[in-house]
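In the two assemblies presented below, chain A is common to both, partnered first by chain B and then by chain C.
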Partner chain A sequence: MLRLTAGRVGSLLTRRATAALSTSSARMASHEVSETVDMSQPLYWDRLDTPLPDRPFKDIVSAADKSLKQKEKGPWSQLTKEEKIALYRLMFCQTYAEMKKPSSEWKTVMGGIFIFLGFTGLVVWWQSIYVYPPRPRTFDPEWQAKQVKRMLDMRVNPVEGFAGKWDYEKGQWK
Partner chain B sequence: MFRAVFRLSASGARSVVRSRPCYSAPVASRCYSHGKVESDEEFDARWVTYFSKPDIDAWELRKGMNTLIGYDLVPEAKILDSALRACRRLNDLASAIRILEAVKDKAGPHKDIYPYLIQELTPTLTELGISTPEELGIDKL
Partner chain C sequence: MAHPSQLGFQDAASPVMEELLHFHDHALMIVFLISTLVLYIIVAMVTTKLTNKNILDSQEIEIIWTILPAIILILIALPSLRILYLMDEVNNPHLTVKAIGHQWYWSYEYTDYEELGFDSYMVPTQDLTPGQFRLLETDNRMVVPVESPVRVLVSAEDVLHSWAVPALGVKMDAVPGRLNQTAFLASRPGVFYGQCSEICGANHSFMPIVVEAVPLKHFEDWSSRMLEDA
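After this line comes the complex of A and B, so read on.
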């Protein structure tokens, strides 16, 4: 009996779940879906530590490319510089120099850091004017002077510390 | 026999490029207690044999080169010579140029390794008609 009801509840839930899924996927299909790369096929990538990727960069499609590839089967000394570069660019996307080219990304990062630090500074400044409570009177110079006098009268740390640095005969700091 | 050792990393990597012929070559020092240590010559010979396979296929060339570049060393001229000849058998000039670029990058801050290798490989490069990246101007942006 229990099992039956559980089964019924289970089937109800799955029906609701599939309904929800189908409506949500229907909604998603109306938006843009990102391009998926077929990872089951050999991929191309430019990496310094992988000089020869799994597949060439470009597929040989045009007639000019095909004839160049035919010429490649003969002696390479007969190829002109431009043809050699063309063969390289067919096979690879970026040269090592292009892969290693430094980017200006660090400027963006540092700029962002400083912008946020500056903004934080402005926030702290505003807070110090509108949020902080009034300054305690214990910070006033007169209060501080009286506090020092009291500490000296109490002989606070008389051996090595505070009162130890006060010359009681001359009434001044040592 | 003079063999020079160029230490590419602090861990005593098995390096195989001769640059100053006045150091004696210690055998690569690894931490295995009882495993047989392969000498530099054996390592080189193994790789030369790998690329010398007459019917080597493109996959084997790619796999060999990517593995070799993954090691902490700059390959010897004779290994590269064998690899370039494999490219010739496969009618693949672009990969041959790529190999030269990769080797230059492997040398890292040691700027004298690559010119030395090119000097050693010049007979092969002229024989096969391979241009260096510098000659084609692709070493610049």
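After this line comes the complex of A and C, so read on.
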């Protein structure tokens, strides 16, 4: 229908309006609140802050494992120490002690940092020889001494700063 | 001027700068307190042995850490606004000086009674006498009487400059075609150094400002001498 007559437009718009104004919740019930479905695969992990993973570490396949799991359903006081450890290792990969064990990674990191610092020091040294212009004569010790004398005579920062730390009566630093 | 390896502000040479020093102490203390608290919280978070991550409700602490920063901000704002309005007070200056920025020197005009004007160029390093300060000394200083409110009208002839003297707590941009007014009162005699504070070309770092505050008699002698020499 390539020609939309005024009458057809009118009826289409009216149907739209009634649909918008309609508040029948029964009509919307099937998709008002969506069902939540977790589509992730169960994972195993060893993490200190999330203790219980989605699935056990090992699948129970061998006959020995299956019989051990059966024994686990009974009173645990009848399990030997080795059986308890075996059950733990079936369920988990690492113990808490193994998870918390410190590594030597920090040595590698610190070593890398010091290597870069050392290299930077070499670059700075090279710069000071080949790049910097000659020092201004105002850095000579005699000039600096005269400057200090002049600053004290001028009472530079006399309250808490420079001249404030000079004892004018005794002629020495406080 | 600053002394070697100075960390803080220069000692105040005007009442406004004193106020600014005290306000800075107050604001910096708040900053240190907050930073210490945050650093402590970070260290505590990183080294905790607790593993429960399911905290779902925290109304009380949310209220606290909304209200408390608001209070801290008010505690910073009130002294700040106080100083701001203090700086705007009518101060009936005894003297008006015009400081005009050029590339690359300042010129000063004292036109209240006579027409006194002069340029103030930096003394080049090779022309310094031993003991003078490199990049800070000028051939002519702006001399003002001590303990007198001074009005400074700052402008520029070519590009943007900025007239700044930290010890007096003064900084005002020099805009071509515009007169900016600032005022200060030198509360103690001395020589106060500043540097141009708006990039203005190749020698922006080499057009310092030197204000010399002297007793009134000395100021009168100086201005008579300058008028004769001109």
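Here is the rule we use: the second predicted complex is superposed on the first by the 94 of 174 C-alpha atoms of A that agree within 3 Å, B and C clash if a C-alpha of one lies under 4 Å from a C-alpha of the other, contacts with A are read in each partner's own complex, and residues count from 1 in each chain.
Here is the rule we use: a contact is a pair of C-beta atoms (placed from the backbone, for glycine too) under 8 Å apart; a residue touches a chain by one contact, two chains touch by 3 or more.
Note that the structure is predicted; figures quoted are calculated from it, not measured.
> After superposition on the shared chain, which partner residues are touched by A:101: those of chain B (first), chain C (second), both, or neither?
Touch status of A:101: first partner only.
> Identify the partner contact of A:151: answer first if only chain B is touched, second if only chain C is, both if each is, neither if none is.
second
> One more residue to check, A:159. First (chain B), second (chain C), both or neither?
Touch status of A:159: second partner only.
> Give one of first, second, both or neither to describe whether A:92 is in contact with chain B, with chain C, with both, or with none.
It touches chain B, and chain C stays clear.
> Considering only the touch criterion stated at the top, classify A:48 as touching first (chain B), second (chain C), both, or neither.
After superposing on A, A:48 lies in contact with both chain B and chain C.
> A:81 in the overlay: touching chain B, chain C, both, or neither? Say first, second, both or neither.
Once the two structures are laid over each other on A, A:81 reaches chain B alone.
> In the superposed arrangement, which partner chain does A:68 touch: chain B (first), chain C (second), both, or neither?
Once the two structures are laid over each other on A, A:68 reaches no partner at all.
> Find the residues of chain A that appear in the contact set with chain B and again in the contact set with chain C.
Of chain A, residues 48-51 contact chain B in one complex and chain C in the other.
> For the complex, give me every residue of chain B touching chain A.
So the residues of chain B in touch with chain A come to 61-62, 65-66, 69-70, 88, 91-95, 97-99, 101-102, 104-105, 128-131, 133, 135-141.
> Using the touch rule from the top, collect the residues of chain C that touch chain A in their complex.
Within the complex, chain C contacts chain A at residues 1, 3, 6, 10-12, 51, 53, 125, 128, 130-134, 188, 190-191.
> Per the contact definition, I'd like the list of chain A residues that touch chain B in the complex.
Where chain A meets chain B, its residues are 48-54, 56, 72-73, 75-79, 81, 84-85, 87-88, 90-92, 95-98, 100-101.
> Report the residues of chain A in contact with chain C in the complex, numbered from low to high.
Chain A reaches chain C through residues 48-51, 136-138, 142-143, 146-147, 149-151, 154-162, 164.
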